[in-house]
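Worksheet: one structure, shown below.
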Amino acid sequence: MEPVLKDFDLDGMSVDQFVGYDNQGWLSKEPPAGIPVPRNLRRIADDPHKMSTEHFLLNVGPSHPSTHGALREILELNGESVMSSEAHVGYLHRGIEKLCESRQYTHLAPLMDRADYAGGILPETALAHAVENLAEIEVPERAHWLRAIAAEVNRIASHFLWLGPLGLDSGAMGPFLYMVRDREILQEILESLTGQRIMFNYVRPGGVFGDMTPDAEAKLRKWLAEADRRMDEHWDILAASELFQQRVKGIGVVSKEMALSMGATGFVARASGIDWDLRRDRPYGPYSKLDFDVKIAQDGDIWSRVVVRYDEFRQSIRMLRQLLDGLPEGPFMAKLPRVLRVPKGESYGYVEGCRGEIGIHIYSDGGTKPYRVRYRPPILYHLAMADTLLPGGMIADAIVTLASFDFCFGEVDR
Amino acid sequence: MNPWATGIIHTLLLIVIMLLNGSMIIYMLRKVLGHLHLRLGPTELGPGGILQLVPDIVKLLVKEDRHPGTTDRWLYIIAPVIVFVPALMAYIAIPFSDKLIGFDVNLGVLMLFGFLTVIPLGIFAAGWGSHNKYALIGAMRAVGGAISYEIPLLLSALIPIMLAGSFSLKAITMAQTTSIWYWLPAFPAMVIFFICSIMETNQSPFDMSEAESELVSGFNTEYSAMRFGFMYLAEFSNNFIMAAIMVCLFFGGWSLPFIDPNSMGVFAPIVFIIKTYLVIFAFMFVRGTFSRYRVDQMLAFGWKKLMPIALVYSVVVAFFVKLISMKTGGGL
Amino acid sequence: MARWKFPVGIFKAMRIAWINLWRKNIVIQYPHEHYELPARARWSVEMTLDENGHHKCTGCKICENTCADYIINIDLSVDEERNKHINHWLYQRGACMMCGLCVEACPFDAIHMGKNIELAYFDKEDLTDDLLTDIDAVKPPRKERPAPTMKAEGGTDGDDS
Amino acid sequence: MHVNSLLEAAGVETLSVEEESKIGIVVRVVPEQVHATLLALRDGDLSFEMLLDTFGADLGAETELPIEVTYHLRSLGNGIDIRVKTCLPYDGEYHSVIDIFQSVYLPERELCEMFGLYLEDHPNPKRLLTNPELTTPLRKSVQLRSKEEIWSRY
């Protein structure tokens, strides 16, 4: 069924049909009966002591101003209150895992950029780790440091693309543009370093594509010189404002049990009191030599996530200063054959991505192309979590809760 | 001259003034928000992009007037008119100067608020008639907001009225020329009035009925072409009217301190417009900076904070006004 | 009800907004001004020409085999003396993701990633570009066979300069 | 090995428990034992409280049980990872483990649609990413578009 085509008869459809039009592909042998639409792990029943209206279904997305990509969220509403919700994804599915099977190991990085389009360096690095682990490639130290520089710059840029739209979704237009201004500088640095602004293709198995450019280094040092002041400004313009705080405090609470059970990683886990950061607990590259803190918040609400991520900004800035000053000399690429052959086996490469643990699991059959690549998208797990948080709130809460998880649907759908 | 012709000419003049004013405010919004957001706003057409409005209006006029099949047709058509006409009518009671006033009634303030109260009705009609869930939610929010914010709005407007002892905008302005401007004695009332007028004109952080990030475009989701243009223009016209009322009530209307109000002459309307635009600038500044309220928080803020404060403050002011008038035997 | 605090944050936010109101804008007004691309910037594939204005493609098809999206299609005809003649060097610009892998793979530096950012066309057909038409391929220099390592090795970066 | 004794104490029959050099400990079980294994690992004293990932791989039609399903578990307190692997036939029945780890809610749906398994015991057994017309995209028998197809699309 193609609802965008001109011959699609919208008026002839029942609401149930329209809302659940992709329900036809049941994966179970017997279609489950008697479950209402939308389906989710959580549902709010009507309180008989409170006023309730006839419930109606609201389709939010896939082209809605605040679904950030292509999320379709079906909300069952009682007035303004959300009673249940269901997330539909797949509008951006490009079969990246399948495409990976048709490419050489050294040619996978562009696909990783397209999977996580906000922070492409990080899955590239995870993939490089997986391949290097399996092929036992010795990576030069400088390559590790360059990867870390690119990753931290990209992490800050990606976080700006979360914080700004979080403000935008809560109604504040100004902060978004101030953050985009700073992100723009970081994108220029990455463009100078890698050749493109978003689709970097920079980190390869065995090293990186190019050495540090003087232009990028100068721009980065210039930005770092005023970064702390800029971050204070960004705190003041958005997070300090009481109007924003009353929108995010106590909303979208992920308890610690829920975070563990639903596979939260990264900032969502840290905001729920799980003290786990791959950069500190399983250091890769230069992170064991760097001095940084991991901020933990206990409440698990949106405000905790905001606080945790503001601290991630500052830690990344701190790390970047150390990385730039301590950048070792040497080659930036290991000597590799033109066509890389990887021995048979399995391997797992991981990084602390912008949004959580990005893990790349590779099966190799000994050839030049991977047999199977699994991209572990942290957002897929957070999406299921967000979906159970929406019932019980209001529409505005739903929007802000969804925004607070920093969804990147390239990563969810792959 | 034939009174009919005069009437028609005046009406047309009013419409032209309103359109020009609306366009100016749209241009100003683009420029202010642009510079506030480190952008430029329109630059290409005319000096500083001021002629950008012409193609915009032409675009709105020649656009296809798309009409969803399932709407409540009558409400859908009449809603922009309900929104637009009060915004136009309200101009007649605004005292641009002591002579330049369309219709100086005794109860000018009440008349203006009367016109403005009709606008949420139009928004509700638009939302209901659109047969769209987003529009309906927006309409409901508009009505809820209007009910809860008009009470503190009127209560805070009562204070300058009490101080001046008149409902006529002209009289209130004249009263301020003899004493101080009322924003100083009525400072809390001014703040409440400012907040409520933001709500009344559907601007961020109270743009509940439009709420772009939540409700796509709220009550005007299904509108296009000139119908949307009417709504858009009415929004800015309301903006101007609320700012003008605020200038009349709290900032001395067309008068300036230390200058004889009767010798202002042609400068009076200019002073008035400049003051109004400064207030509009404040609206825009707030609009470009803050997060939106959630709908229940907005209602709670209106009922639980603004209304008690306005009520208590009006009682206090009434008491002092009576005290002073007993002493001096006259107005403030 | 929680204890009421004076909303300091609102005034902090207004202060920052006021500062930003007077800041210089960050806009590059595109048709009038242009953003300076860095040396490594990758846009669509272009032919590298030598001093005489002659292309350097040998028709080895390494780029074609490298491209995982199959967007390069080199139509060759080989005569009996094994001289290659390029009939068409087709490049689907619309499907190119500009990863630069073909440029890295080319052993003769015959192609590079261009700096032309204006790649929008009105016609779908224009997106498929014929970079070389009906021209003899260059004989590969026998001595300079491609090194068996990746090109990025040894400190030269991926610049086309 | 500690994991081995832990699983034995819980009465789980495993096919093998090995330390693989690249990915750590791998427990192989038959599909019927997956539930018991995961429960034992979660509640055992190593407390693998987080299920990081669930995914499959098609080992090829010549294998007897071609779909290999991997559960990647992590113990945050002890800082170790473990993988539980099981093999299913094509079009086999996959039983959800959502009662143990809620994190499999979406990945299981993806796994079953990508490899053509029947998803049982799941609260919402619906396709996640693709249309019903696009069956089992990640199986090895499904081919990508060839060069000729791509060049004939315009």
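We call the chains A, B, C and D, going by the order they appear; numbering starts again at 1 in every chain.
FYI, a residue touches a chain if its C-beta (ideal position, glycine included) is under 8 Å from a C-beta of that chain, and two chains touch if they have at least 3 such contacts.
All values derive from a computational prediction rather than experimental measurement.
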*Could you quickly compare A-B and C-D and let me know which has more C-beta contacts?*
A-B
*asked:* Among the chains here, which has the CA centroid at the largest distance from chain D's centroid?
replied: B
*Compute per-chain Cα centres, compare each with the mean of all protein Cα atoms, and return the closest chain.*
A
*asked:* I'd like the Å distance between the centres of chain A and chain B, where a centre is the mean of that chain's Cα atoms.
replied: 43
*asked:* So the centre of each chain is just the mean of its C-alpha atoms; given that, what is the distance between chain C and chain D in Å?
replied: 40
*Once you find the CA centre of chain A and the CA centre of chain D, what distance in Å lies between them?*
23
_Centroid from C-alpha atoms only, then distance chain A to chain C, rounded to Å. What do you get?_
27
*Sequence positions of chain C contacting 2 or more other chains*: 10, 13, 17, 20, 26
*For chain A, jot down the residues that touch at least 2 other chains.*
99, 102, 174, 178, 181, 237-238, 241, 243-244
*What is the complete set of touching chain pairs?*
A-B, A-C, A-D, B-C, C-D
_So in the complex, the part of chain D that touches chain C is made up of which residues?_
147, 150-151, 154
_Contact set on chain A toward chain B in their complex_ = 11, 56, 58, 64-66, 79-80, 167-174, 177-178, 181, 237-238, 241, 243-244, 246-247, 394-397, 399
*If you look only at chain A, which of its residues touch chain C in the complex?*
99, 102-104, 106-107, 109-110, 114, 174, 178, 181, 184, 188, 191-196, 199, 201, 204, 206-207, 209-211, 213, 215-216, 233, 236-238, 240-245, 331-338
*asked:* Using the touch definition from the top, list the residues of chain D that touch chain A in their complex.
replied: 20-23, 49-53, 55, 57-58, 70, 72, 76, 79, 81, 93, 101-103, 105-107, 109-110, 112-113, 117-120, 122-132, 137-138, 142, 144
_Complex contact set, residues of chain B against chain A_ = 33, 36-39, 69-70, 133-134, 137, 140, 204-205, 207, 211-216, 287-297
